[in-house]
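Naming follows writing order (A, B and C), and every chain is counted from residue 1.
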Amino acid sequence: MTGIGTNGVSGTGASVTLSSLEKTYDRANAAKAVDGVSLDIRSGEFLTMLGPSGSGKTTTLMMIAGFETPTAGDIAIDGKSVVAMPPYRRNIGMVFQNYALFPHLTVEENVGFPLKQRGVPKAERAKLVAEALELVHLPGYGARYPRQLSGGQQQRVAVARAVVFKPRLLLMDEPLGALDKQLRENLQLEMRRLHADLGITFIYVTHDQEEALTMSDRIAVMNDGKVAQVGSPEDLYDRPDNRFVAGFIGESNFLPAVVRGVENDMVVAEYEGTLIRALCPGKTASGQTVMLTTRPERLRFADGTWTGSEGQHNRLRVTVTEAVFAGERCRYMLQAGNGTSIVLKEPSSAAIRRRAVGERAEIAWSVADTILV
Amino acid sequence: MSELTQPASLALAVRRPRAAPFDWRRAVPLLLAAPLLLYMLVFYALPVVAMLLRSLNDPAWTLANYATLFEDVVFQKTFWITINTSVTVTLGCLVLGYPVAMGLVRARSMAPFILVIILLPFWTSVLVRSYAWMVLLGRHGLVNEALLALGMIDRPIRILNTPLATQIAMIHILLPYMILPIANALRQIDPSLIRAASGLGSTPIMTFRQVILPLSMSGVAAGTLLTFVLALGFYITPAMVGGPRDITLSMLIAQQVDQLNWAYAATLSAVLLATALAILAVARKLPGVGNAFKTSMR
Amino acid sequence: MRLASLLPATVVGLILFFLAFPIVVVAIVSFSSATYLTFPPPAFGLRWYEAYFSNPDWLKPTWVSIWVACAVVVLATFLGTLAALGVARLPKALRVVAAGLILSPLIVPGIVVAIGIYYAYSRYGLVGTPIAMVLAHTCLAVPFVVTSVTASLSGIDPRLEQAALSLGATPGATFFQVTLPLIQPGVLVGALFAFITSFDELIVALFISGTGAVTLPRRMWDDLRFHIDPTIAAVSTLTIVLTAALMGAAHLLRKRAERTRMVTSSAAA
């Protein structure tokens, strides 16, 4: 598209390796903000660190940027440790939560700022700034001050400023957090496009799971300073490793059950007298109490036109306790056996009829969608 | 500097091999603050401390100066006048200041105008304001002329050079220090509380007593203490418009310095300073007052 | 309007009148044509301004005051700005001590500061020199510079400095290209306060200006001991106008700084 994405080495992204990274603040008895994070971020990858506030994702990002010093562990960019390197020598682009545009400088001066620091001559600078503004669809805005721009425009300027000096790694700290939903969705697509155009590595921090699922090549789910799971959006959604990931990404139903048998990579567990089969590549034994999880939209009412094959599905008898029509889908709260609540989401188009509260029903779902966590 | 900090950094490096070498940026804040701190020590703090020490080491190391001070009739009288003046002035400021603070917060389009009227005297020097009261309160001043014209008196009365003149002028000078903290506190009261109170059938006076007054107490406390502490140290105004026999602590101190009676002046200074600091120390413990102070100091 | 709402308005109006009137009277008297102090003046004229501008006994102290105040502005703004930058980043215990020392002239009674300074400066033969006035007034002016700069520093989003570093600016470049321009209004406001503090200061001047460094307030004070002719009203009016103009400028600077600062705060909201 422009010269920015395709010049020399900047065409390829940097790889980032975090090894047993730890951060403890000086306060006495303080818990570790980051506790043994190891991650391999591949060249050119769009990796999102997703987690609730206080999970250590921002602290990890700040350590990569160089604003925080790790208490232990190492950060290597392209195999070279950068722990001892001050932030201004790391050559990493960064987009901040509130954009951190310099209020006393024009858009042009803001975007030109990193070039000025690198001693790029004026004429060259103007050309690169213009290119960068074009890249974010803001040509002709150079003479304005940040306060004269909308939130979305400020965000684009912040991105232009962070990539104009062709870093091979771009860090983003909740860059869309302050924008409204509509704008956020547009800019999510824009970020993906930018990532494809530039071909550099993106590390993106957010607490918004939808944003993470939409944009990322891979997601690292963070909790309590640790990485709970790393994987593609599909991996995390369909095969959560643990209860935290299952609960944090999307909505999940949890059924407590007792393992009755393990066959190959499948486990048979008993919930209230009903046998339920789940995927579980060998990590449990008979008699153990476990948690089975499944997604609300993978559940179906097992009557009428439902035609699932018996061998590949679990079934369970439930009572409808709540029924909500929400436009494109219906949402049911169900109660099974001893009071476990189950959520079922059914596309409005697929519904044969609305179920009434108090109605008894049988639900079914694929064994492949049942995971032991 | 470097001799002091270098070994510490080496120790760190030994304990944690991964840690970065000594970071000069850590010493920067102290290096930045050091010139001013040294300046203030040399040209202000040490001179004041050296002077105050005269109360303890003149003629020899002893507390005798303090012992005699508290039995000294002149001191007792002066101290009482100072406290009396400060209390009167503070009460006067409170009575006059609260309505203005409410007016300032309530006023919409008039607010900038009111603020300028409050701030204009605030920014005018104490000397000029005291002079203004000399003009107004003098024998042929405006106040006397007006009273004569109204037939309330038949010959000029003496107002200038009386305690009353001191009190009026000091109230005038200190009023903004009372108004601004109270206005700050009033501004922070959620207007919906007042609406809720009147919605619940409370009369304006009940709303004031039960909602506004209690919630503005932090501002009242801050303004009162600030006004009182400043009033304690007043020198120029009582010297200019006050009576020749109504001597405040500050005036007595100045007099003693003129007579080169340093031990006495230093003892008085120590007492004045200790009184002011004690009041401020108490003030900082009161909830909300610390913050109100900070904002009003700006 | 009902009486109930008219009464409070009247009370507030009267108190505001009490605040403003004395100053207005001084201004009016300064334009009096009478040879003695009387109000209202029989006629108006500029004779007392002429008297002021033609009398070296008034002009010399005026120049001393201006000279001292300008020197104080330079010294206090430089030292105060540096210190404000440092103090904000000191460890807590040290910060409390440093702030206590720097801000204490706001609290310590003026007479105590004045005689302390007189006591020490007289030992070194400084009394009666403009230098002594500058050295002493700087101590009194510095708290205003430090509070003003500290306030504008605390208004700066720390992420702006981080952004500059991430974009390749060294700490020095970050300071000169980002931090300094952003605190500049605070520095200017502090400088204006420093000027006014020195220009209006009297108590310290009474003790250390001697005969060699008589400032304008000191000259007014000396004059008031003997007579209160309207020349002082003219001088007072001039200082009121000067002070009000400087304060107005300070106010505008603050407003402008708040407006530029809005960018970051509105985006973060």
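Quick note on the criterion: contacts are C-beta pairs under 8 Å (C-beta built on N, C-alpha and C of every residue); 3 or more make two chains touch, one makes a residue touch a chain.
If you're wondering where the values come from, they're calculated on a predicted model, not measured in any experiment.
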**Request:** Determine, using the mean of C-alpha atoms as each chain's centre, which chain is farthest from chain B.
**Result:** A
**Fill in**
Most heavily contacting pair of chains is B-C
**Asked** Counting in whole Å, what is the centre-to-centre distance of chain B and chain C, each centre being its mean C-alpha position?
**Response** 16
**Fill in**
Rounded to the nearest Å, the gap between Cα centres of chain A and chain C is 55
**Multi-partner residues of chain A (each touching 2 or more other chains)** = none
**Request:** Note the residues in chain C that touch 2 or more other chains, in rising order.
**Result:** 171
**Interfacial residue positions of chain C with respect to chain A in the complex** = 157, 159-160, 162-171, 173-174, 177-178, 181-182, 259-264, 267-269
**Footprint of chain C on chain B - complex, ascending** = 25, 28-37, 39-41, 43-52, 54, 96, 99-100, 102-103, 114, 117-121, 123-129, 131-136, 138, 140-142, 145, 172, 175-176, 204, 229, 232-233, 235-236, 240, 250, 253-254, 257, 262, 265, 269, 272-273, 276-277, 280, 297-298
**Item:** chain B-facing residues of chain C, complex
**Value:** 4, 8-9, 11-12, 15-16, 18-23, 25-26, 29, 37-39, 79-80, 82-83, 85-90, 94, 98, 101-102, 104-113, 115-121, 135-136, 138-139, 142, 146-148, 151, 171, 196, 200, 202-203, 206-207, 217, 220-221, 224, 228, 232-233, 236, 239-240, 243-244, 247
**Request:** Could you pull out which chain A residues touch chain C in their complex?
**Result:** 65-67, 86-94, 96-104, 113-114, 117-118, 145-147, 151, 154, 161-162, 165, 171, 178
